[in-house]
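Structure first, then comments.
The first chain written gets the first letter, and so on, giving A, B, C, D and E; residue counts start at 1 in each chain.
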Amino acid sequence: MRTGRVIGTIWATRRHPSTEGLTLQWVLPESVAGEPDGSAIVAVDTVGAGPGERIFFVTASEAVIAIEEVEEAPIDAAIVGIIENFTLSPGEL
Amino acid sequence: MRTGRVIGTIWATRRHPSTEGLTLQWVLPESVAGEPDGSAIVAVDTVGAGPGERIFFVTASEAVIAIEEVEEAPIDAAIVGIIENFTLSPGEL
Amino acid sequence: MRTGRVIGTIWATRRHPSTEGLTLQWVLPESVAGEPDGSAIVAVDTVGAGPGERIFFVTASEAVIAIEEVEEAPIDAAIVGIIENFTLSPGEL
Amino acid sequence: MRTGRVIGTIWATRRHPSTEGLTLQWVLPESVAGEPDGSAIVAVDTVGAGPGERIFFVTASEAVIAIEEVEEAPIDAAIVGIIENFTLSPGEL
Amino acid sequence: MRTGRVIGTIWATRRHPSTEGLTLQWVLPESVAGEPDGSAIVAVDTVGAGPGERIFFVTASEAVIAIEEVEEAPIDAAIVGIIENFTLSPGEL
């Protein structure tokens, strides 16, 4: 998983039918320090993550596993948790 | 998923038989701001995306799921939605 | 898929048995403009691509699907088409 | 696999149910020389790796295989071993 | 596949049980010219590759297919061939 932040929401009426009803969030991957780190991706939200929340997400085939509404769908990224707290070894931030 | 823009179409008569009849679009990945962000990829279109439209696409094994015409094919990217609108948190653009 | 060019061929007698008889081409990924763009990869040829030809290839688990000779093999890249022609939106090259 | 170091632990009460009870470690990928090399990832620990230990981890669909507690879960990274020792060819460090 | 060179061996007694007995080689990916090109990875050797040998390796789920000793294991990279010889188009080196 990578960590990131929810920075926006995408609306799309013309989309693959299997993805209808799923919320598509724009996620900016971040470093441990919370700085932007990599290209923004579009992920399906499975934990009710709101704008600005620091989350972690899975990519590739694991993403579909997170989504209860569908058996199989062309989705390759899903938000699977919200970071509540974390510890870091001394000197890592 | 990543967001991007359809910038062209590829013709290929010598191609794997399982991909015959599928439209191959050249897609340039983009940042949230709509700037080019990464190497161009070739994706199968599943939503009727036209030149210049801003879309989102899946990669790897999820791509085949999007394509109704085939059960199994050597395809690793598919356009699965057209961005109609989006919201961004303040300061993200 | 990514686009690229066949730049060489690899010979290997000590190789995984399931890959015997398959042609291993060295492929250099390219940008839309045909400039080198990324690290060279080794791909199994499924369409008879020759040296210098501009092709597109799949990666990861989709690659095996392209190869008729094997059911299952440790192969993660395959050439699946030869670019015959393409159109580009104005200003994209 | 890549090598890296455990630099922290993440707490998340709002997370995908299938991942409950699993320890989420923050891992910084490293070069052979032990220097940071790539973006930090979040991995499930399967070998009892502690802070500062040098480990190796798998990514993508292979990660779930490492986790005995679950059959299927939206997890794409797992720590699968702790580096005890290594040899390097002369001139490689 | 990517090409690379075996630069070292990793010892790990604390490792996922399904990987016991497998040789873990440190592989440095290389360009066509044989220059280091990318981050070092840890791969299971399936062809008896020795230190300094120029090899090619698969990544992701294809890697497990290469390993006879196991049905399923958290392994995402495997050496599957040793480069014996290669040809390159003029001007590519």
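Things worth noting here:
What we mean here is this: contacts are C-beta pairs under 8 Å (C-beta built on N, C-alpha and C of every residue); 3 or more make two chains touch, one makes a residue touch a chain.
From a predicted model like this one, the values you see are computed outputs, not experimental measurements.
Between subunit D and subunit E, the superposing rotation on Cα atoms measures out at 70°, rounded to the nearest 5.
Separation between the centroids of subunit A and subunit B, computed from CA atoms only, is 19 Å.
Centres computed as Cα averages put subunit A at a distance of 31 Å from subunit C.
Residue positions of subunit E touching 2 or more other chains, listed in rising order: 60-61, 63.
From subunit B, with the walk directed at subunit C, the chains encountered around the ring are B, C, E, D, A.
Subunit C contributes residues 6-16, 18-19, 24, 26, 28, 39-43, 51-52, 60-61, 63-64, 72-77 to its touches with subunit E in the complex.
Considering their complex, residues 1-3, 29, 31-32, 37-38, 46-48, 56, 58-63, 65-66, 78, 80-89, 92 of subunit E touch subunit C.
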